[in-house]
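Both of the next two complexes hold chain A, though its partner changes from chain B to chain C.
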Partner chain A sequence: MLPASLDEAVDALAAAPAAVPVAGATDLMEAVNAGRLRPAALIGLGRITELRGWRYEDGGTAVLGAGLTHARMDRPDFAALIPALADAARTAGPPQVRNVGTLGGNIVTAAPAGDTLPVLAALEATVTLARAGATREVPVSHLLTGLDPVRPGELLTWVRVPLLHAPQVFLKATGRSGPARATASVALVLDPARRAVRCAVGAVAPVPLRPLEAEAWVAGCIDWDGSREIDPAATAAFGEYVAAACVPDGYGAEGAWEAVTEGPSAASVRLRRTVSVLARRALGRALK
Partner chain B sequence: MSTDPIETLDADPLGLAPQVSRELRPCASYTLRVNGFERPVTDAWIGESLLYVLRERLGLAGAKDGCEQGECGACSVQVDGQLVAGCLVPAALAADSEINTVEGLSAAGGASDVQQALAESGAVQCGYCTPGMAMAVHDLLQRNHRPTEVEARQALCGNLCRCTGYRGVLAAVQSIADARALEAEEAEEAALAEETAAAAAEQPVEQPGAAPAEPPVEEPVAEPPVYTDAWIEHVPQPPAEEIPATVGTGHGLPYGADGQGGYDTGVYDTAVIPPVQGIPAQAAEDQVYFPQQGYPEQPYQATPAHGTYLPPGAGYPDGYPQQPGYDGGYDAPVYEPTPAHGTPVHGAAFDGTPAHGTPYVPTPPHGVPAEGSAPAGVPYGATPAHGIRLPEDDHAS
Partner chain C sequence: MTSPTDIGAATQQDGDEGGAPEPFGLGSSPLRSDALPKALGIYPYAADLWAEGLLWGAVLRSPHPHARIKGIDTSAALALPGVHAVVTAADLPPGPDGTPDGAPAGPIVADRPVLAAGVVRHHGEPVAAVAADHPDTARLAVGLIAVEYEPLEAVTDPEQSFTAPPLHPDGNLFRHLPLRCGDPEAVGEIVVEGLYQVGRQDPAPLGAEAGLAVPRPDGGVELHLSSTDPHGDRDRTAACLGLEPDRVRLVVTGVPGATSDREDLSFQVTLALLALRTGRPVKMTLTREESFHTHTSRHPALLRYRHHADAEGTLVKVEAQILLDGGAYADVSAEALAAATAFSAGPYVCPNVFVDAWAVRTNNPPAGQMRGEGALQACFAYESQLDQLAARVGVDPVEIRRRNAMATGDPLPTGQAVTCPAPVAALLEAVAAEPLPALPVDDPDAEWLLPGGPGGAGDPAAVRRGIGYAVGMVHMLGAEGEDEVSTATVRVSGDHATVICAAVDSGQGFATLARQIVQSVLGVSEVYIAPADSDQSIAGPSARGRHTWVSGGAVERAALMVRHQLLQPIAANFGMSVELLQIADGKITSYDGVLGMPVAEALEGKELWATAQCRPHPTEPLDESGQGDAFVSIAFCAMRAVVDVDIELGTVRVVEMTVAQDVGRALNPRQIEDRIEAGVAQGVGLALLEDLRTEGGVLQNPSLTGYRLPTALDTPEVRIAALLEERDVVATFGAKAVSAVPAVVSPAAVAAAVRAATGLPVGRLPIRPEDAVAG
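Coming up: the complex of A and B.
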């Protein structure tokens, strides 16, 4: 029930495929308390110390344990490594939740408003899924979109994140000033080696969205060799571009038909404005 | 809570009760270490939260059940020294962790300095959020002895209070930090004084009747302590051996019912309950509510009759600023002609319109933080933590 090592946990999961692996339990217990979930068994992952840290790997990659808590990711040493992930962890919730909520749990739960998800999508992270005797690597976007979901008996163990050594920004809009669920969030990272801007918008759809065309367009507007400056008008246009790409006309409307006939719904106009401001500010802050 | 299906199954040979097997309602028995005491929990459903187990099975009702979603912070407890929401911790997985609840703050019998300060600074109204606040403040001051206001706000951002707001709590944080710093300073001085005294004494003098350095360490009693704020009703209890083992620890009977018409508030044995002590903050409260009997001594001075001449120096007896009498001469302000154009105004120095050709420094675009405006402790351009007001919050477009 409380395995102390990864191998034990994987074996326990193989023995009882219906058991729920639990790390921080913040999402699980919310569902249990609300009566939406009755777990057949629990496998606590809190004792697996190897998953609670991170290590470096050749090729400029950080391998983050799935049991890394949000509070740990908020610390300055981690923030120097992957600033956007630290920002997302810092704003993810109250201290009571950040102290136990984990990165792996955030991915596996795949809540639309999960704050680390757009960051991982923008960083193009990959996750390691372990089974008894085997592991496999899956891009985090494939996992989130259901293209390659977690199979029974598999445990999310590691998250591989490239170290880009460039500005990264995570911004979110919430309904109040304290810790709250995001109404929209934007993660934006610069990849100077590939001369790319990667951006992901969270909380507006069930999965984080990547406005690929807007990214490609804005990467062409940036003077990569010089001071990495950009025309403010281009920043604003990038915001509009991202918003238009990520929020459909019929957002929040009753049916798709209505949206087609009546133009953008009021909810979509509002959300687009939020997303465009977030994206504009994110790009502005990343480029200074 | 309805009766436990498993127990019903055992007690119902005809099988009229819903057939719920252990497979569908997995249970576990474990031992929780709460405030330093081992508390066994038997046959608890694995989905029970730590909050539920603490309140309903162990009788520790300090942590409150607010939202069951981790939003309100009323259920805050410490697990392995970390502040967590008790409603979001599966109790079965906290089995070999060190759990500290708000009852543990006042384990010595009286309120801890945190609780005292919260009460004194007016941070308590309905009191529902207060145990969680007390745990959050305790946790904050454990990690950070001198929190700034922003740090205090960040630490308390997960505790919602709908009555009084948070100023009282923030004031309490500062007062506790000050008091503790003073205490530490005094202790340091005392230690220093002792050291110098010992050095001055030179030769070790046998202290007459010196007490043994350590009193004999008492074995921790097997019974958990009864906290002074616990409400205990003394009812005649049947002898202990007649009580079935499941009383107060399971779902089998309505909680606390002992089957004899009496209620037991938990697994406590009332035979060993020490007398409930009074609340120790009483003296301080008396001072607050009954400051002084009578008015401060001051001779009564009647308002003088109309037309009574008050000499200019007399003024008002109780310290009002002296008013100029109507008889006084009118001090006409000295006429100052309007200065000529271009004369610098008093105060702000006018440094003139810049000469033509001065390089223009454009206003930075929105969203670019001004120089040095990033809050301390936050890397440049990062999303700051909760509680920090951003410059752009004021003119969000």
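Coming up: the complex of A and C.
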């Protein structure tokens, strides 16, 4: 099925609840090829042009179509709007994959290393889920944690992101120069209106993690009224703070968050170091 | 054998505008004929094969690295509609005692069953197979085969293998090779020690294993496969099935470029068995995951070294213990071990060398042939040792190597004199003399690719540059008495020639070379290379850089014989000797220009053909103290690696590799450069990325997401400093094998450069980010 509009797509899904929506198919086909998924029917979203762009809403919000491709988000006009999301889209796989892979697909797949996810978490984005005759708005973090998942028959249509008009950064560590999944990533956005720094760490846990205390602490170290300067020591401390908050002592082991261990494991030390460097660099670039 | 007339001077026709003629003859650089189809995606691979009424095969593999099979129930699978056959070890010819033994086979020792009989010895070992009318049905049926396993303790640490209970009736030791050369009591003023570790590199061919088996009316079977050893594969397949070799025909098709053996005997025997069982053509294509399970990988290695040197850094003694993890089956472990042992001291002169080397059986995936097996692992260790020595002596890495460099005539620690060219010092000088790439600070306008890649997290302030050097060596052709022989037929009719030779072009460029040889000898530009199959005469496997020498030699001889047949009557007619005639541009001319006859006219509609063999001089096995003339010839290479390391994240980018290689003679310069680039890419992959990890014998990353092959962004600029052409007088055309040695040397060079950038010891390959964090 290849609906040409959102309404058609929603109706098609209502008519065939077992059908699976497909956008760029870069995740879906992998699951099919590996035998993990045998869709009874597919509903292709590629013809729904309205979902492939974005619009503005009053109150300084951008409403992004779920069908935006990574390649599209990487273009300069988009990068000027939401730089961290553009950064994430730029590194989300090889060009062939970024040309077809979409924002909506990245969110619904909800892979730990999904590159747009920490950015959306740091931006406190919300998503619109549509079904025949009804829509609802869900914070992206609720969707990812499973607190409020996508229900059968629902399509992810829009992603609402605040326009902050301030520096934002996404950094990803992969261990290689060619395209790869993140071993850790950090998204960091400044929100000068609220005098806030928001940060999310990706790939170290099933969902992006927000080091809320570190965010609040570092926001207090920034001279918001002046040139937004910060003491380099505070930048470094922020990195450590974020890493300690997001990587448990027993990282890699089962039940790492609950276990009481004697100091951090070697894997934790390594990962903390990486996260700390990323967070420090991200803050440094945002305040440059 | 070098031919009397210097055919290397064959015309290199540069394209003038208009119909640019194809490059022609030896020394020119024609493009490989499959290059364009492969780049355009229209090359037919084995997975594209089709036959009317075919069935689909699928294999059941062991989930355990070591287990006893207590029972196999195939009834549910057989009952599934659409399933035509389910086979297990019981369907193969029984062993000597009359019970199923899985029809074991192997390139040196027949110890690897086609289908596991009674016990599985590695994760992914084939246990049963199905033929069904649809690939999905076949996979479904595989899932319905009920195997009762009794898991056994898996021996996965090669050091435990010595004391572990035998994992196989043949025991756990594939080979122990002691090497004793010189005075064991010798000591040097300076002693450096190191422990080195090499991970498991996989050939990861992008074209996964695939093939088609067609039953023959005479009870035999025809196999269409991307084999690189048609006769070896035919013979072993026939033996496993209990057939005469002539009842099996192997047609080589769709070879995707192999950097090692593509032999997976179990795959092809199973395929043939299913076709024989069902009387229908059977096709099988492995998944990516299965592909990682079936073909052999590079031997993981542990190497302990101690170098003694005098105060100037001149080597006094090398002591080493080398342990190769051969995995569950023998494959070519014994051969890899011979290379590791014989080249354990590297391309250096050292009077006293004492080595103990072992290749052992474990419950890890089997290891086998892969560019420079054995030689590569040793190179990483001895070159790391030389860097340590340089630091201790206080000279630079190039100088320490120059002081010890081997030259033609020097002995290997095996007692064999290196009689071929050994231009080690010249190679080193060539790479050291090349200009260095600019630093970001010197060229700020360039868009610098930082470690971590474009849009990555790299920070120029944390980037350190390192420069490292390495020299290495690898033998060519089979070693230790292996009979090396190849046969080729050359036929001329009309204005074109045909080469019939079972040497498979696995990407090494043999087809292109054969065309160039015939062009040079016979002057015809149109040369057709017949596809290889096992009905032709034996040419042997595409491995160890042997086809240029043995098959190239056979083609040259056959072409020379045809040339003689063609010219003899003409020469007789004119009362001159054949040597006074020459063939060029499809025309026969005499030295004085009186005669000018088109080849087609000389042929008078006849067809001339000749068949010839080439068999290099024999070698001998290494004896119980590692002594003997085991190798036909040796190729050398020097490299300089330039890397940038983000010392906080440990990410490494190889900026440039500079290469000087001893090629004997450049028969096709562009192809040589391609092969060097391929070897560098593979070596850089091993140095930084590629590691097929196991845990308790279970493969952890059998996918192209998990197993990280270098991409274009991970692969450095390759700068060729020199292709040194010092002819190897015993080799065909004086040319040396070119593919393996760059792969052997580049990991060591990258490691040296990372060491220089970080100041860290770097004793393990691949170098993980955590091994390069120095901030």
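Rule of thumb we're sticking to: the second predicted complex is superposed on the first by the 280 of 288 C-alpha atoms of A that agree within 3 Å, B and C clash if a C-alpha of one lies under 4 Å from a C-alpha of the other, contacts with A are read in each partner's own complex, and residues count from 1 in each chain.
By our rule, contacts are C-beta pairs under 8 Å (C-beta built on N, C-alpha and C of every residue); 3 or more make two chains touch, one makes a residue touch a chain.
It should be emphasised that the depicted structure is a prediction, and the values quoted were computed from it without experimental measurement.
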item: Which superposed partner A:Pro179 touches (first chain B, second chain C, both, neither); value: both
item: Partner chain in contact with A:Arg270 - chain B first, chain C second, else both or neither; value: second
item: Partner with the higher number of touched chain A residues, chain C or chain B; value: B
item: First, second, both or neither for A:Pro248, with chain B first and chain C second; value: neither
item: Which of chain B and chain C A:Arg90 touches, first, second, both or neither; value: both
item: Which superposed partner A:Met29 touches (first chain B, second chain C, both, neither); value: first
item: First (chain B), second (chain C), both or neither touched by A:Val100; value: first
item: Which of chain B and chain C A:Leu171 touches, first, second, both or neither; value: both
item: Chain B versus chain C as contact partner of A:Ala286, first or second or both or neither; value: first
item: Chain B versus chain C as contact partner of A:Pro118, first or second or both or neither; value: neither
item: Common interface positions of chain A, toward chain B and toward chain C; value: 87, 90-91, 94, 171-172, 177-179, 277, 281
item: Chain A residues within the chain B interface of the complex; value: 1-2, 22, 24-26, 28-30, 32-34, 37-42, 44, 46, 71, 74, 76, 79-80, 83, 86-87, 90-91, 93-97, 99-100, 167, 169-172, 177-179, 232, 235, 277, 280-281, 284-286, 288
item: Complex interface listing, chain C residues touching chain A; value: 139, 449, 451-457, 459, 462, 648-651, 653, 688-689, 705, 708, 710-714, 768-770, 773, 775
item: Interface residues, chain B side, partner chain A - complex; value: 23-26, 28, 46-47, 49, 68-71, 73, 76, 79, 82-85, 87-90, 92-93, 95-96, 136, 139, 154-155, 157-159, 365-369, 379, 381-387, 392, 396-397
item: Residues of chain A touching chain C in the complex; value: 35, 87, 90-91, 94, 171-181, 183, 270, 273-274, 277-278, 281
